[in-house]
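Two complexes are shown next, each including subunit A; its partner changes from subunit B in the first to subunit C in the second.
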Partner chain A sequence: MNKTPSKQSWWLRLVEWVDGDREPKDQTLFVMEQRPPRHVQRSDAEFATQDKHRLHRFRRWYPVCAVLICLALMGILMAAVLTMPTFGEADNPINNEVAEHYLEYGLEETGSANVVTAMILSYRGFDTLGESCVLFLAVAAVMMLLLRDEKNTDEHDQQKQEREDGILAAHPDLILRRAAWVLVPFVFLFALYVLLNGEVSPGGGFSGGTILGAGLILYSAAYGPKQMRVLMDARRYAAVRTFGLVLYVLLYGIYIFLGANQMPNYLTGMTLLIDLAVGLVVACTVYGFYVLFSRGEF
Partner chain B sequence: MRPFVENLPFLCIFLAILTGIVSAVIPRGRVCYWMTVTVAGIIAVLSAVVLQYTYGGNLSFTYSMGRFAAPYGNAIQCGPLQALLAMVFSVVLALALAGGKRDLFHDVLPGKLRLYFTMVNLLEASLLALVYTNDVFTGYVFIEISTIAACALVMAKDNGPNLIATIRYLFMSLLGSGLFLIGLTLLNSITGYLLMPSLAQAVAELAESGDYRIPLTVAVGLIIGGLGIKSAMFPFHLWLPDAHGGATTASSAMLSGLVLKGYIVLMITMMMRVFSMELMGELGVTNVILAFGLLGMILGSLEAMREYHVKRMLAYSSVAQIGYIFMGLGLGTTAGVVASCFHILVHACCKPLLFCCAGRLSAVSGHHKSLKNLRGSAYRDVSAGLGFTVGALSMIGIPLFGGFVSKLYLANAALPTNRTVLALVTLALSTVLNALYYVPALLAIWVRPPAEAEQHVLEDTRPEDLAFDRSFTTAAIALMAGIFVLGIFYHPITDVLEAGIALMGT
Partner chain C sequence: MLETILQNRFAVTAVILFGIGFMNLLLQQNLLKKVVGFNIMDSAVFLLLASLGYIDGGVAPIVGDRGFDPLYINPIPSGLVLTGIVVSVSITAFSLALIQRIYRRYGTIELWELLERAGKEDD
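What follows is the complex of A and B.
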C-alpha cells in the first residue's frame, strides 16, 4: 500500500474502505505494464532485493510442494491401477457386449470393414464431430492470438519479415527444392489413398489429413510463402477449412436425424465423404499451425 | 417415428455449431453479432417448446445420435431440467453479448471479431451438449471445446496481464480436464460402458458387490475433482479473478454466468444419473463438496472485500456464489440439488448483469476500474446504476430478488440433514460478508464525488462512451426482469426443477 496504513487511525481506514478510496491492489504474479508508484518512491536497490527475496522464497517452496502433490497423486493412481482388472484378461469388464457388438456387426451395420472407422465415424460419430470442432477451434484460437494485426505487429517486424523473405527468395535451398519437387506429388497421392481407403483398411480422415498437411508444409518450406500463395492464400484456406467442417456437420446432422427417427438410410456412401471432410479439417489444422507459428500470416 | 419436438435439442446443438463455423468466414463483425444473437434467441424458443413438451408430459426422453441404440452409439437425454437450463443459458448468452456489445467492439480488433463470435457460438454448442449429454465421453469432448473457447474469450482483449491470466486459466483448465479424463478411463475399465444408463447399472452392481472399491473411489474423486477445478471450486479458484476480472465485459459475463455452470451441470448429471447420491454419501464425496462449498462461501467473500478493482471484486464474489451451489450439492439430498439448480439460474442472471453494469459504469468513467474512480458514475448512466443495484441486492439476498429465494431454499434443504447448524451459520455469515462488500460498492457508485474529482475522471472519458447505449439498456432491463421473476414467481420454476430432478435418475 502506498499510504503506510499503520499511521492512520482505524476509523480513517474504515471510512476509506467504505468509500472504496484505496487503489486496487495489483495481484498479478508477473507485472507487465507497471504504473509508476505515486507516493513513496522506493529505491531500485530496495525493489530488486525485495523481488529477489520473493522469487527466492517462491523458488524454494514451489518444487517441494509440487513434488509432494505429484507423489500423492502418483500414490493414489498407483493404488487404483494395482487393484484394477489385469490388462488383456478375457473376462475383464471391458470385454462386454458393446465391444462384441462392434466387432461382430460393425461391417454389416456401418459398411466399413475397418472397425476403428466404424466406431469413430458411425457408432460414436458425435464425439468425432466434437473432436473436429476442437481442431477447428484450436486454429481459430491461434489465429486470434498470432494472425498479424496492428496490435501485435509494427513496421519494424514487417520490414524484418520482408528482408528475410527476400534473402530466402534470392538463395533458395536447392536440395530441399529438388527433394520437395520429387516428394510432394507422392505425399499428396499417398494422402489421398489413405483418405479414400479409411473404410476398408487402416487410415481414414485423421491420418490422411495429417499426411496432406505435412505435404503442404513441405511445399511451403521448400518454395517459400510467395509460391505457396499461388496454391493456397488466406481466402482459399478459410474456404477449404470451413467447407470441410460444414460438409461434415451437415452430413452428420442429416445422418443423425434419419437414424434417430428410424427413417431409411439414404446416406450409404456417407463414410467416404465424411472421411474426406475430416481429412480437409485435419490438413488445414496442421498446415494452419505451421503457418501461424512461423509467419503469422498466410 | 418419434414426435418431431424430440429432434429439437439435437437441432439446437447443430445450429450453434453451424453458426460458429460459418461466422469464421464472415468478415463483418456486426453481421456475426446479429447472427449469434438471433441464433441464441431461436435456440431459446426451441428449448422453451421442448420444456413445454417435457414438463407437460412429465417425461424425459433419450435421443440416439445416429441409428444405434444405447449402449452402442451416442445419445442425449432431455427432461424438463435440461430444457429449462438450455433455455436460460441461451437467453443469458444473448443478453451478455448485447450488454457488453460496445466494449466488445472497442476491445477486439475488427478483423478478429469473426473469430470471437466463432468462439461464442461453439461455447454455446458445448454448453448445450454438456447439459443434454447422456454419454460421459461426449461430456469430455465438449468440455474440451468449452475450455478452448473460454480461454480464447479471455484472450480476445489482447494485453499483457490478460495473456498471463489466459495461460493460468489454460493450465488449470487442462489439469481439470486431464483429471476428468483419467477418471473416465478408470471408470470405463472397471465397468466397460460409457453411456450413462448402462454405466449407472454397472456402478450400482459394483457398489453392491464391493468389487474394485479403490478404482471406483479414485474414479469418482478424479471426476468430481476435475470438474471442481474447472468450475472454480474453492481451493482451486485462484485462476478465476485474473481471467474473469481482466477479460472484456461480454466475456466476463459469459464466463462467470455460464461457463462455470456448464461444468457444474455435468457434475450434477454425473452425481444424479451415474453415481447416485447414496454412493456419493457412502464414499464421503458429498462431505468434501460440502466442506469446500462452505469454505468458498466465506473465503471468497473475504477475498472480495479486499478488492477495489470492481471486476475482480465481482470475480471473487463468483467464487463465493459457486460455494453456495456446492453447498447445496454437498447436502446430498434432492432438496439440496433443487436449491443448487435454482441458485445456478439466479447466478446466471445476476452475474452477467453485474458484469455488464460494471463494464458500462467504468466506460462512463473513462474505463477506470477502481471503485474510487467510479464514484457517482451511476448518475452518468442511470440504467447501469439501477442494474448494479438490483444485481447486488439479489446477491446479498434481499426479499423479492432472486438471491433471497435461493438462499431460502438452501436453508430449507439444510434443515432435515444433520449439518443444519453448520450450514445455516455459514449461510448467515456469508450473507453478512456479501453485504459488507456490495454495500460499499453501491455507496461508491451512488454518492456524488466532489466536483473537481468528477471533472478529473470525466476528462478521461470519451463523449461517445457517455452517449446512450441502447443494447446495454435492453439487456440490463431484461436481466433485471429475470431476477425479479426468479424472486417473485419462483414456484413454477422450482416445480420444473423438482420434476426435472426426479426424472433425471430414470
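What follows is the complex of A and C.
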C-alpha cells in the first residue's frame, strides 16, 4: 500500500485525482517494482547444501514427530477401547442375529457342521473368492519380482547357483533326508484329513492347504530341487495353481446359481469340493513363496 | 479404571501391541524390521477381532449332535480374522520380495543409506 507520509500530501493527492490531473498508481505494478531483483539461478553446490540441510533437519525431527503421532494414536485407541463393551459377555452388540442365524441354520442350509467353514465357503463365499484371488496375485507378484530366467540372471549368479547345487548334491543332509522320508507321508495324510474334515471338525481349506504346502516344502528341502522337479515342475505348478482357482470359481458359481434359483441341490458335499479347491490354492501359494524366495526357480 | 482395563484386557493388549508395531514401522531404519513391525500391527488387529467374538464359557462353533445345547462363540470374527491373515501373508511376501530386489540392486536395506545411494545414482 502506498502510505502517505502526512495528511496534507494525502489530501493533495486526492484533490489531484478528483480533478483528473493524474492517475493513481497502479498497485500491482507498484508491488512488482518493489520486489527485490531476482537472483541468478543458484548453483548446483548451493542446491546440494540446501538439500542436505533439509534432509538433516528432517532426520532430526522425524523420530520426535513419529513418537508424538504414535502416542496420540495410542491415546485415541486406548480411549476407544476403554469404552468398549465388556469382554466375553453373551449380550454384546457383536453377537447379533446374524451370528445367531449362522449358528442355528448353518448345518441345515449348507450341510456343514463347522459354522466357520459354512460361513466362509457358503454365506461369505465371494469374500473367500477374493482371498483366493489375493493369494494367487501375491504369488504372481512375487514371481514377477524374484523368478530367475535367462534374461535377468547373469553368468556370476548362474555359476553360484550351480556351485551350491553341486555341494548339496555331493553332501546331502542325511538327518533331514531320513526325517523327511518318515514324515512326509504323514504330513500329507494329516493335510488330507484336515482338508476333508473341514466340514465337521476344526480345519478346512486354509489350514489343510497350509499343511499340504508345508509337506511340499519339507520334501523340497530334503531332496533338493532336482528330485522336486519330478513331482512338480514349473508348468505343473502353474497348472495346479490355476486349476484350484478355476475350480473354486466354477463350483461356487454353480452353488450360487442353484441357491439363487431355489433349485434343489443334489450335489451334497459341495462345500467339501470348494474346500479342496481353496486348499489347492493355499498349498500352491505357500510352496510357491518358499521356492521363489529360496531359489527363484522351480 | 483398573477394572475396565482388566475387563477389556485383550483389547488393551491389542492397542499396546499395535503401538509397538507402529513405532517399529516408523522408527526402524532396516526395511526388514519395518516389515516385522507391520506384522506385529497385523497381529494386534487379529487379536482384537478374535477376542471380540469370544463368549465366556462358549465352545467352538461346530454344531452337531452333542446331546446338550452348549453356548457357541460368535463365528463371524473368526472368519474375518481368516481374511485378514491371508491378506497379511500376501502383503508380507510381496514386501519381502521387494526388499530382496532392493538389496540386489543397491546392496543395502538400511533406509538412509539406501536413499543416499539412490540419490547418488540419480545424479
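As a convention for this text, the second predicted complex is superposed on the first by the 233 of 298 C-alpha atoms of A that agree within 3 Å, B and C clash if a C-alpha of one lies under 4 Å from a C-alpha of the other, contacts with A are read in each partner's own complex, and residues count from 1 in each chain.
Everything that follows uses one rule, which is that contacts are C-beta pairs under 8 Å (C-beta built on N, C-alpha and C of every residue); 3 or more make two chains touch, one makes a residue touch a chain.
Bear in mind that the values here come from a model prediction, so they are computed numbers and not experimental data.
S.K.: Who does A:298 touch here: subunit B (first), subunit C (second), both, or neither?
M.R.: A:298 sits against neither subunit B nor subunit C.
S.K.: A:78 in the overlay: touching subunit B, subunit C, both, or neither? Say first, second, both or neither.
M.R.: Second partner only, subunit C.
S.K.: Name the chain, either subunit B or subunit C, that contacts more residues of subunit A.
M.R.: B
S.K.: May I ask you to decide whether A:219 touches subunit B, subunit C, both, or neither, giving the answer as first, second, both or neither?
M.R.: In the superposition, A:219 touches no partner, neither subunit B nor subunit C.
S.K.: Of the two partner chains, subunit B (first) and subunit C (second), which one does A:237 touch, if any: first, second, both, or neither?
M.R.: A:237 sits against neither subunit B nor subunit C.
S.K.: Taking the superposition on A as described, I'd like to know which of subunit B and subunit C A:287 touches: first, second, both or neither.
M.R.: In the superposition, A:287 contacts neither subunit B nor subunit C.
S.K.: Touch test for A:17: subunit B only (first), subunit C only (second), both, or neither?
M.R.: In the superposition, A:17 touches subunit B alone.
S.K.: For subunit A, which residues belong to both interfaces, subunit B and subunit C?
M.R.: 77, 81, 84, 92, 94-95, 98-99, 102, 124, 127, 131, 134, 137-138, 141, 145
S.K.: In their shared complex, at which residues does subunit C touch subunit A?
M.R.: 4-5, 7-12, 14-16, 18-19, 22-23, 26-27, 51-56, 58, 60-64, 71-72, 74-79, 82-83, 86-87, 89-91, 93-94, 96-98, 100-101, 112
S.K.: Please output the residues of subunit A touching subunit C within their complex, sorted ascending.
M.R.: Subunit A residues touching subunit C: 59, 63, 66-67, 69-70, 73-74, 77-78, 81-82, 84, 86-90, 92, 94-95, 98-99, 102-103, 106-107, 113-116, 119-120, 124, 127-128, 131, 134-135, 137-138, 141-142, 145-146, 200-202, 206, 285, 289, 292-293.
S.K.: If we count contacts the way the header does, which residues on subunit A are in touch with subunit B in the complex?
M.R.: For subunit A paired with subunit B, touching residues are 17-25, 27-33, 76-77, 79-81, 83-85, 92-99, 101-102, 109, 122-127, 129-131, 133-134, 136-138, 140-141, 143-145, 147, 149-152, 238-239, 241-242, 245-246, 249-250, 253, 255-262, 265.
S.K.: Which positions of subunit B touch subunit A when the two form their complex?
M.R.: Checking each residue of subunit B against subunit A gives 1-2, 6-7, 10, 14, 17-18, 20-22, 24-25, 63-68, 71-74, 109, 111-112, 115-116, 118-119, 122, 125, 129, 135, 137-138, 141-142, 144-145, 148-149, 151-152, 155-156, 158-161, 164-165, 182, 186, 188-193, 202, 212-215, 218-219, 221, 241-242, 306-309, 312, 369-372, 374-375, 440-441, 443-444, 447.
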